[in-house]
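Presented sequentially are two complexes of chain A, the first with chain B as partner and the second with chain C.
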Partner chain A sequence: MNKRYLYLLLLPGFLFLAAFMLIPIILTIVSTFMPDGSLTLEGYMTFFRDGYFNKILLTTLRVSVVTTLVCVVLGYPAAYYISRAGIRKKSILLALSIFPLLTSPVVRSFSWMIILGKKGLLNTFLMNIGLIQKPLEILYTPVAMMVGLVHLFLPLIIITLLGVMENLDYELVRAARSLGASSFTAFRKIIFPLTVPGLIIGSILVFVGSLTAYTTPALLGGKERVVATFLYQNAMTLNDWQAASVIAVIMIVITFVVVGLMNAWANRLNPKG
Partner chain B sequence: MKKIWGTALALTLTAALTACGSSGSNSATTANGTNSGTAGDNGKSGAPKELVISTWGFSEDFFKEAVYAPFEKEHNVKIVVEIGNNAERLNKIRQGSSNVDVIYLSDYYAQQGINEGLIDTIDTAKVPNLQHVYDIAKAPLGEGYGPAYTIGRLGIAYNPALVKGEITSWKDLWTAFDRNLTLPAITATAGPMMVDAASVVAGNTDFNEDQAFAKLKEINPSVIKYYSQTSEYVNMFSQEEIAGGPIMEMYFKDLQAAVPDAKFVAPSEGAFAVMNTINVVKGTDNKELAEEFINWQLSKEVQEKSAKAKVDSPVNTEVVLNEEEAKGVTYGADVVGKLRKLDMKFVNDNIKAWTDRWNKEIGG
Partner chain C sequence: MKEGNRGLSLYTLLVFVFLLGPLVIISITSFEPGTVLKFPPEGFSLRWYRNIFEVSMFMETFKTSIIVSMLGNLLALLLGVPAAYALSRFEFRGRDTLNALFLSPVLIPGIVLGFTLLRYLIVVYGLPIYAGLLIGHTVIMLPFIIRVIASSLANFDFAVEEAAQSLGAGRLETFFKVVLPNIRSGILAAVLIAFLESFNNVDISVFMTGPGVSTLPIQMLTYVQNYFDPTIAAISVILMVLTAALMFIIERLMGFAYFTKR
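Here is the complex of A and B:
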């Protein structure tokens, strides 16, 4: 059989994506540039001139970046540990780290409300041991948002890193050690560069997830708004689909820029990847 | 590195898709009953007609049993229910992809529907029960359009243990709370009412936008969260995250379940009328049946049952409730007579500007 026909196998999937994703996205993007038939950037200019929008965009980016960093810092050692564990232990640990993904974000957010609230577990504990006199205000702040998002996305980065780490050839480390490298040097020069692809994919997932998350910020965030909840306000309660589309396109562009930057960075760390 | 691009993109898209999937789950459309298919279209005599009703979906069991079932039986109709929040359901009708005959909407969204020509007028002669309804509820959105089938009121609920002194007026929101207040978000049903209340507190008889926003800015530090859904309010109240704030009387029983000492007051300047309307959608093939249904929803029988079940406050003046039954229900001509009513046309014309202003000046 001619190999060229094999491409036909892609067709159903491609048609599905084209009909239900590509075309709607392209239409959305086009509509933001031509609200009344003629080409204009006015929709975007209004947003970028708007101090309020810039403020929530910054809040969103800050929350996403911090969430990503925390996930990396927490997820990397955890994934490394799991990848080095014995088979039984590994499957248990893996199941445990995936477990949060199986509950809905709503349920998870509610449990954080119970933990972080004024009368919540954390404040009660800190007050009982005398560390604080007045309850800390954590719930309904960006901090609560980040806690919720880290909880939400940590499994993703662990899974992606694990996939890379499990395929590492640890003979390389032994070779390095036998040639006189300290274990830290071996990690820095061998393990870390080889895990960069997993780190990048994981970070992109977490970053984009945090950037577009709606439920968690809506439930745990207080007066601070993020782009996703702002989009919802425009689309669902103000019925301003034009503004909502502009926000959506801005989010898409940010996503691509971040993916691009991270790839450039990965190329520098691991040029042969 | 190309591989990473591909994988990252694929994963991102998967994540985006799953995210959509989970967030859309609350807008499920349910068909009430088994033969929701084409039973009504085959034209055979004896086969029930189909009436599609678009509603919120709260107290669904009550509506099925006390409202839909008797109507289905009497008129040989099959009622199909579409469920979602106001905005979702109105959008469905906007896009023309729905065959809804009767739609329940809050007055604010119903006004939007009317402005956009999506709502049909009704023949009041076919809805005789209208004569038993409070005047304010007969045609709140203009002559000929659907009635309010329930009037609730927005007052202030609070936890006496957590506020300074007693609350009697809208003014007290500014003084009795300390970083433990919740207010409705500007885009919530009660949002525009809060803007009006702020204008009143600033000392105006006629609405004054600038002074209202100045007042709202003043109260902002004391607000811990602007709520969009009553469930958020109830949750914060039972966790004692908040000491109180404006809320609809119908939800007070949920607050009391969590905090037995909780109080509800109608502020001295007047509580706000919160009206939910029932309307006929333009282009329906079942207009007469739809009008019959509206008439049924206004009947003493349905109104009394829903008041007693504490599902909806009655608008039918023939409904009589004893003290226990009236608890948590907005009931009585004297109570309804004192309510402040917002002009929904005015609110709809201004909501975009108010929301912008609220976002910028208050940042909620």
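Here is the complex of A and C:
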């Protein structure tokens, strides 16, 4: 293979990404360790000493963990149902899962403002049936963020799981059943273990996505901050670029550590990849 | 078994009500004749749909969004098609690393990428905001272009290419006359998927706004934070119709298998 030809094909894309992604990110990382020329961890120390940032980090982690768990609980059975449905039903449900995924996150978060607002659909309904006297404060709280994030990422975990479940050999279930296993035992002992790698990958996608999401927390979180909205606030409102860069690096590190750990775990469970 | 099935289908139904209900609710409220978003609406009116066209900010940012997504798409194709071809066609040292690099923009948190682009492209490199916006969108579209086209090339038998070359066709001629026609629908699907990704983007665009430059999602975001009239609901409906139409074309071109692959 002619080397020169290969370079010609790959070089433009490589140079573009190097100039407009790699170098800016590397320079950002470097800048946090040497804000004025000498090596220091001061930027990070001030952050982790600051109770406010720790609180934001904790809120973000908590919201992301709950979002991931809820997505798994809602998404797994739904994906299983879709994977076992007939061709026609399967393709309709698949289309209905992909549609929200392709729809603007602004639109999707906005729909929850209509539902969760003080005079929103949910409060009106609950007051009409007499369950509550005063409207609940849900919008602009971590709960609202969580609902919005579950709505945002549920399709992702459903279609990720579907990809795994579609390739399962359901003859195994029939074999287990003919040997006397109940359908639940067959599911628990055969289907579930085979779907665990997919479950892990789907969970990473949801967890990392929630951890770094901007639009949904910005619209549904109100004054409640998560790391992504805090980065934006530091960069654009407070003009504190040093702080914004430190948050950016923390976000990159968390993302890569989570993805790396969970990938290693998924690979160990499924050596074939 | 039958009992379990009924329980599971009810559960799945509820999951889809949760997933699609809010989008249905937006659509219904967009026809509200009054000035405040309500559910159910107090009547039927297209007033807020007309309002979209009367508020010039929406029209201008819509135009910007379309231009940025299309130009960025073109750039991403020019950079991405040769790269996807090289990565699929040849074995060479460092291929996995390069592949990972080309797909990495989806791995880096969008808000982090947006901030670093603002800091270096606009402030350090001194590029105009519009150029930064275009470059940022090209960066995030590249992985989608490369992934979809590579999966299309995976189904292409490169022996055909060798046959053409042994019959005397040049490399470039073979690519344009033999390879490209075979992956045409893959390329078109890649373009549409990347377009949606860019058109809906907030994380990059939110840092790339300036005098006269902003995209539609950012305009919507700002509007929602200040006003609560049904205009955004009306825009949402138009965007959802657009999304559904593009999704239908994508399905025709290559089915939905791409989405379930990880």
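Points worth noting:
Here, the second predicted complex is superposed on the first by the 237 of 273 C-alpha atoms of A that agree within 3 Å, B and C clash if a C-alpha of one lies under 4 Å from a C-alpha of the other, contacts with A are read in each partner's own complex, and residues count from 1 in each chain.
What we mean here is this: a residue touches a chain if its C-beta (ideal position, glycine included) is under 8 Å from a C-beta of that chain, and two chains touch if they have at least 3 such contacts.
Keep in mind it's a predicted model, so treat the numbers as computed, not measured.
Chain B and chain C, once both complexes are superposed via chain A, clash. Legend: residue contacts after superposition of the two complexes on their common chain; A:Asn128 is shown touching neither chain B nor chain C. In the superposed pair of complexes, A:Lys223 makes contact with chain B only, with no contact to chain C. Once the two complexes are overlaid on the shared chain, A:Val107 sits against chain C while remaining clear of chain B. Of the two partner chains, neither chain B nor chain C is touched by A:Ser38.
Legend: residue contacts after superposition of the two complexes on their common chain; A:Ser178 is shown touching neither chain B nor chain C. Of the two partner chains, both chain B and chain C are touched by A:Val259. When both complexes are overlaid on chain A, the residue A:Leu139 reaches chain B alone and has no touch with chain C. By the touch criterion stated above, A:Thr215 is placed in contact with chain B and with chain C alike. Here chain B and chain C are compared by how many residues of chain A each touches, and C touches more.
With both structures placed on the common chain, the touch criterion links A:Met236 to chain B and to chain C. Taken together, the two structures place residues 21, 104-105, 110, 113-114, 120, 160, 201, 205, 208, 212, 214-215, 218-219, 236, 255, 259 of chain A in contact with chain B in one case and with chain C in the other. Taken together, the chain A residues at the contact with chain B in this complex read 21, 51-52, 55, 104-105, 110, 113-114, 117-120, 137, 139-140, 156, 160, 197, 200-201, 204-205, 208-209, 212-215, 218-219, 222-225, 233, 236-240, 255, 259, 263, 266-267, 273.
Those residues of chain B lying in contact with chain A across their complex are 1, 3-5, 7-9, 11-13, 15-16, 19, 22-23, 87-88, 91, 112, 179, 187, 220, 223-226, 228, 232, 235, 239-241, 351-352, 355, 359-360, 363-364.
For chain C in complex with chain A, the touching residues are 1, 4, 8-9, 11-12, 15-16, 18-20, 22-23, 25-26, 29, 37, 39, 78-80, 82-83, 85-87, 90, 92, 98, 101-102, 104-105, 107-113, 115-121, 124, 135-136, 138-139, 142, 171, 196, 199-200, 202-203, 206-207, 217, 220-221, 224-225, 228, 232-233, 236, 239-240, 243-244, 246-247, 251, 256, 259-262. Chain A makes touch with chain C in their complex at residues 1, 5-6, 8-10, 12-14, 16-17, 20-25, 27-28, 74-75, 77-78, 80-82, 91, 93-108, 110-115, 120-121, 124, 151, 154-155, 159-160, 162-163, 166, 183-184, 198, 201-202, 205, 208, 211-212, 214-215, 218-219, 228, 231-232, 235-236, 241, 244-245, 248, 251-252, 255-256, 259.
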